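Both complexes shown next keep subunit A, but they swap its partner, so subunit B is in the first and subunit C is in the second.
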Partner chain A sequence: MEVTMDPLFLAWSYFRRRKLQQCSDICTKILQDNPYDQAAWSLKTRALTEMVYIDEVEVDQEGIAEMMLDESSIAQVARPGTSLRLPGTSQGGGPTPAVRPVTQSGRPITGFVRPSTQSGRPGTMEQAIKTPRTASTARPVTSASGRFIRLGTVSVHESASMLTNPDGPFINLSRLNLAKYSQKPSLSRTLFEFIFHHENDVKNALDLAAQATEHAQFKDWWWKVQLGKCYYRLGLYREAEKQFRSALNHQAVVDTYLYLAKVYQRLDQPITALSLFKQGLDQFPGEVTLLTGIARIHEEMNNIASATEYYKDVLKQDNTHVEAIACIGSNHFYTDQPEIALRFYRRLLQMGVYNCQLYNNLGLCCFYAQQYDMTLSSFERAMALVSSDEEQADVWYNIGQVAVGIGDLALAYQCFKLALAFNNDHAEAYNNLAVLELRKGRIEQSKAFLQTAASLAPHMYEPHFNLSILYEKIGDLQNSYTAAQKSEDAFPEHVDTQQLLKQLRQHFAVL
Partner chain B sequence: MAKREQVIATESEQQQATTGDQGSYPKQIRVEEEDPAGFADDPITHSEDTMPEVKSIFREVLPKQGQLSMEDVPTMVLCKPKLLPLKSVTLEKLEKMQMEAQEAVKQQELAMKEQMQ
Partner chain C sequence: MEACPGGGQWLDAHYDPVACVNTFSSCVALADLSGDGENRLVVGDVGGSGGMKLKVFGGTALLSDSSLLDLPAGLAAFFMDLHEPRIPAVAVASGPSVYVYKNLRPYFKFTLPGSEVNVLEQDVWQQVREGHIDHVTLKEMLESIRKQADVPLSVRSLHFLSLDAAATDEFVQLHKQQPIRRQTVITCIATLKKSTADEDGVSCLVIGTESSDVYILDPEAFIILSKMSLPDAPSMMDVTGQFDVEFRITVACRNGNIYILRRDSDKPKYCIELSAHPVGLVRVGKNVVVGCMDESLQAFTQKGKKLWSVVLPAPVTTMASMDLPTRGFQAVLVGLANCEVHLYRDKNLLSTIKTPDAISSICFGRYGREDGTLIMTTKSGGLIVKILKRTAAFEDRDGAHGPPPAQSIRLNVPKKTKLYVDQTLRERDCGAAMHRAFQMDLSRLRLAATKAYVKALESSLTPMSSSLTEPLKMNAVVQGLGPSFKLTLNVQNTAACRPVMNLAISFLYDESLYRMRNPYMRIPLLVPGLVYPVETFVECTSDKGISDIIKVFVLHEGRSVPLLTAHINMPVSEGVTLN
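And then the complex of A and B:
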């Protein structure tokens, strides 16, 4: 007779090996035989949670309502260097848009994208509403709004729970006696995580956490952190801050520092967040996540130089930190040192990062570092690894840049056309195509492309400036002036725009 | 009379001569155009064998002293090359889950449709 393994043990083994679906299946069978098996029940909640678990520190879901109807801001116009919302307020002197493209919120594009960096904060309601139409999934330059991700997670959670249990939900939350479970410390934590991550039911999670922390006589830091997470999700930032502070009084934990800093960032208090990170570093010297947090804040405040310093500190602690390497690399690329950027990206390749973005960046670095033999093969690999149409459009766009660089304007024209075929909202491709069209003497076509680019990406100065020049050439001074003004709004330090405006003002004065 | 006739004849001769001249005049020009002999050594008009820079008949002036100035004409600007940002693990997982969920929902809907039929 065959000796069978104890099913619960087997389920545990599957769980440890992250074969979560099998683990959940076995637990379901155990629970069918004995619905009151608490061990199996708890393990199944953990397995289901792990399937959809996302690091809460990384998740940032800011909807239009939260963005535009913001009650927590203290001043309408923040002082320079104290706000994340005004990109131009840094004293550090970030790169100009003339060398480094900017996102919709006016920040230079970053070398690394996280769910929260995706949601560039649009300046006006009009822009906020327009964003999703022009946005693709993971483009910081076109800046997808955070809502997209939220929709994604909600549908993921709903459908995931629907899929794992075709006969109905595993736990019926409305019939659950939360008070009873909150008394049992061994069950309540897994149940909380299940409700919070899997069911995404923050209200019930909050109820459970409140009762559990009461049962623990307000002495358990873990429950306080969970309460803070719930308050954060509900948008009650001051309450969340209280809970996290209180948890830190009980026990200093790195995660708590990160959550608290996230609250301050949401409240637009980057300076407070920075000092909090420094406190955290006193407790945990050299902690990579805290250092990364500091670097991210500096980067968001457009202070690229000090961000790079902190990223270098990160690399001293952990020399395989992808985010730090990517950010330093992109910074070198846009400060005219493509050969050094190439070394950073090559390091990423050695570490086993293998995707379309990396090969695209390698291709660009190779070209600008004059290693022409590797350029096109890198782009070919990037093409082979493409996972979405938007990525493909971006790769074609960059190949078009290379074609412009070698003077093959026919190839460049085709590349930009292809970029537009894959992503019809690619404003940069429209702009460059317009420049090429004008070289061919097709003024109307060029004007149409420029107008499209300007409406798709009002944050870029190039289409406005080009449009202004074009209008000036065909004698439409009024339109030229308005376009030049838009260009000035997008990039106030641009010398050519200033000159053009001065010329136009002289024209108007003569009239 | 004879003299007069002579005169007329000379006039007509002259006329003939002038018409002949008129007839030959374009010929001469054609010859000039066809004949490359006078221009064979001249590099200015012989553009096929030399670089186009030499085409200009004006000599380049490079002043040895004084200020050098040039006109700054505003030109159209191209957008810059775009390094693509790498994605964080969380973002990749989010996108993967979203894709999977969309696939699963699609399949469920297909199954529902089949059941309806």
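And then the complex of A and C:
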């Protein structure tokens, strides 16, 4: 006689081995036999939750409505260094846009793509609805390297509707007696996570959490954190803050610090978030996630120097931290030390990060560190690892840069055109192509390309400046002045723009 | 009080940010209007929020406020007779007339003589009056007169020419009976002592007009004593001397030249050609200091010799002279657009006053019983009064500067790392091998790039076409949150002069995901250099939160190969269609 394993034990084993579908199937069978088996029911909810679970602390992208219809900001013009919304409030000698490219919101691009670094906060509604909103279309140029490691589980909100069981939902929320479940601590937690993550029904989750915390006589920190999460999802940041604070009074947990800091960032209080992280570090010295949080805030506030310091602290604790390595690497690259950046990127390679962006960065670092023999082979590898048209465009664009560097303008021309063929919105390629066209003497084409680049990326100063120079050369001083002013808006410290403006003003004043 | 150098020399007497005074330096004067020894501030307010007013301030209060008929061009206080008590009259120049106020009551109005009228124009209007010609002919004839004649048309004819065809009839009926007059307008006004240099001596009015003439009026009879003509319309004027003895009128004209007129001739004696248009004109002693539009302050002698020139930090808004005869101190006050007032003696900057707003008029003199008072009005209508401290001393600062401060700032050049040195060693050792490897890779890459390029060209993958007959460029913009998106395709013909026609746009998309309002569109004729936006609407029919690429082709009629292709990455539709 064959000895069969206890099906619940088997399901539990599957669950631990993360074979979630099998686990859920077995639990379904057990529940068919005995619909009141609480253990199987609980395990199934957990399995289903795990399938769609994402780390709430990490994934956070502000929607357009939150960005544009923001009610929580009080002072419209924040003092420098106190807000995440004001670009260009740089305090600590970061590189200028002439050296390090900026994102649409006027911040230097980071070495690591996170949801919040993609597009920043657009200034106008027009810009907001024009901004590409998918993760793959916002252009982080090429220093993206760790995106796939951390954002492996993408689909955020829509996933719930796609992955439910074909034959009716597992739990029918509307018929659930929440009050009953909230009395049973063993079931209520898994049920809450199921409702919150799998069903994505924040309202019911909030109801359950409220009743459960009442049942626990407001003494259970876990339920308070869950309440805070629900409030955060609903956009009630002040309530969320209260719950997290109260949870921290019961029990200091790293997660709670991170959630609370997230609330403060959403409320645009980076200084408070920083001090909160520092408090957290007192409790948990050397905690990597807290250090990373500090570094990210510094980075978003344009304080690259101290951001790098904190990333270095992160690496002291965890020397395989991809984000820290990538950020320090790109910082070295843009502060004129490509040979050190090369070391960092090689470290990433050793750790097993193997993607197009990394080879792209390696290629550029090799080129600028004068290790020519490895430059082009890196790009070839990058080309072989391409997974989307945007990446292909970025690789061609970077090869174009190298071609400009070695003076092969014909190759550069082809590369930039190819970059545009793969990504029609590549403003940098348009700009560079325009410069090449101008060298060939094709003024009309050059002008058209520059105008396109300027309309695609109004945050870049280069197209405006080039356009201004072009207009000045063909004698259209009025347009030249307008373009120079736009360039000045994008990059106020640009000396060449200032000189051009001065020259134009003199032109206008002279009789 | 600000801590800035020079700020300590002034006392803040009064600042009213909402005094509602919109005026310029030419419409401001200080005079003892009631004969009690206290000077008042007379301002010709050009209006803005309210109407045009003649305002008188005493102390910190507005004493009187009377309406003006027309926009004031200039204002001057002068003694017109020898009666006691010695109360000056106020002359306000507006339009073609000078309105003289005594005791702040209208006293006399002097209107400039009309100018010569074009004989042909007069004839034409005569014929209209007699009904010989109709309006169309009138219009044509006036047009031809305007083009040919050396005497310009009257205001009425110019107005007629600017009217629509429908309104001409009524206009002619209304005005044809009146004779034609051609009236010039006053651009600037100043005073000139008649025969004595005393402070309270009788003065003549000097008037500059749009017709490039300068008139000197007798103060009692208001008859023209002298008429001089200039090459261009005057904009600013400065007068010194006495009419009966010898005088000099320095006039800045709109052509950017400064002319100096003297008693004995009716033509300018000297001419100073400036490098940029003058903004302010002040005489200091025997020299003329001019603030120019190119942010410079220049000084000239009476004979037009350039003495010095200073570059200012911002554009000049207004200028005035600061004259303290008791201390023998003469300097120039320059109001700048960066909210500062600079005080210059010769080319040396003596002090800087910071103001809360850019100032539009400035005036220094006796106000109330205080001799050294500085009165400024700001662009937003504020009034600032500052008093010079009795102890204030102005010292010429050394004009010669040391090396510029930027010279001592160290550049943030990163240190050469050990790694770098190691790499250079490697480069030195195996340079040849590296070069060979690079060259080989480069050739391979060139080949790969060319292959990809040819492929892109053959299938017209690029968003621009470089063919000689149809050089086009297109970029696409997607707007909207979903499920409806607006798709704007900006098509541009980049040829130098040749238009492109017979083009069409079509789309390639996943029909299970998107629905397009019009998937085929004709493009109009494309004029070179202009951007043609072509718009259409796309509806996302899926609620799965997925997005796709839409391909756009620009086609030439009768040819199957597209001229260019654009790929549009559609955003994820965030809106959910209501059921």
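Here, the second predicted complex is superposed on the first by the 477 of 511 C-alpha atoms of A that agree within 3 Å, B and C clash if a C-alpha of one lies under 4 Å from a C-alpha of the other, contacts with A are read in each partner's own complex, and residues count from 1 in each chain.
In this text, a residue touches a chain if its C-beta (ideal position, glycine included) is under 8 Å from a C-beta of that chain, and two chains touch if they have at least 3 such contacts.
Keep in mind it's a predicted model, so treat the numbers as computed, not measured.
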| item | value |
| --- | --- |
| Combined model on subunit A: subunit C and subunit B, fit or clash | fit |
| Partner chain(s) touched by A:Q401 [first = subunit B, second = subunit C, both, neither] | first |
| Partner chain in contact with A:L176 - subunit B first, subunit C second, else both or neither | neither |
| Touched partner set for A:Q445, first subunit B, second subunit C, both or neither | second |
| Subunit A-centred angle between subunit C and subunit B, computed on Cα centres after superposition, in steps of 10 ° | 60 |
| First (subunit B), second (subunit C), both or neither touched by A:C415 | second |
| Contacts of A:Q506 with subunit B and subunit C, given as first, second, both or neither | second |
| First (subunit B), second (subunit C), both or neither touched by A:L477 | neither |
| First, second, both or neither for A:L385, with subunit B first and subunit C second | neither |
| First, second, both or neither for A:A252, with subunit B first and subunit C second | neither |
| Superposed arrangement (fit on chain A Cα atoms) - minimum subunit B/subunit C Cα distance in Å | 5 |
| Residues of subunit A at both interfaces, subunit B in one complex, subunit C in the other | 137, 155 |
| Parts of subunit C lying in touch with subunit A, wherever the complex brings them together | 256, 274-277, 292-295, 412-414, 417, 419-420, 423-424, 426-427, 433-435, 437-438, 441-442, 444-446, 448-450, 452-453, 456, 461-464, 471, 473, 475-481, 490, 492, 494-496, 528-529, 531, 543-545, 547, 549, 565-569, 571-572, 574 |
| Residues of subunit A that touch subunit B when the two form their complex | 52, 54-55, 58-59, 98-101, 109-115, 118, 137-138, 140-141, 149, 152-153, 155-156, 159-160, 163, 322-323, 326, 330, 333-334, 348, 353, 355-358, 360-361, 364, 368, 391, 394, 397-398, 401, 404, 427-429, 431-432, 434-435, 438, 460, 462, 465-466, 469-470, 496, 499-500 |
| For the subunit A and subunit C complex, residues of the former touching the latter | 63-64, 93, 126, 129-130, 132-134, 136-137, 155, 157-158, 161-162, 335-337, 339-340, 343, 369-373, 375-377, 379-380, 383, 389-390, 396, 399, 406, 408, 411, 414-415, 417-418, 420-425, 444-445, 447-449, 451-452, 455-456, 505-506, 509-511 |
| Interface residues, subunit B side, partner subunit A - complex | 72, 74-88, 90-91, 93-95, 97-98, 100-102, 104-105, 108 |
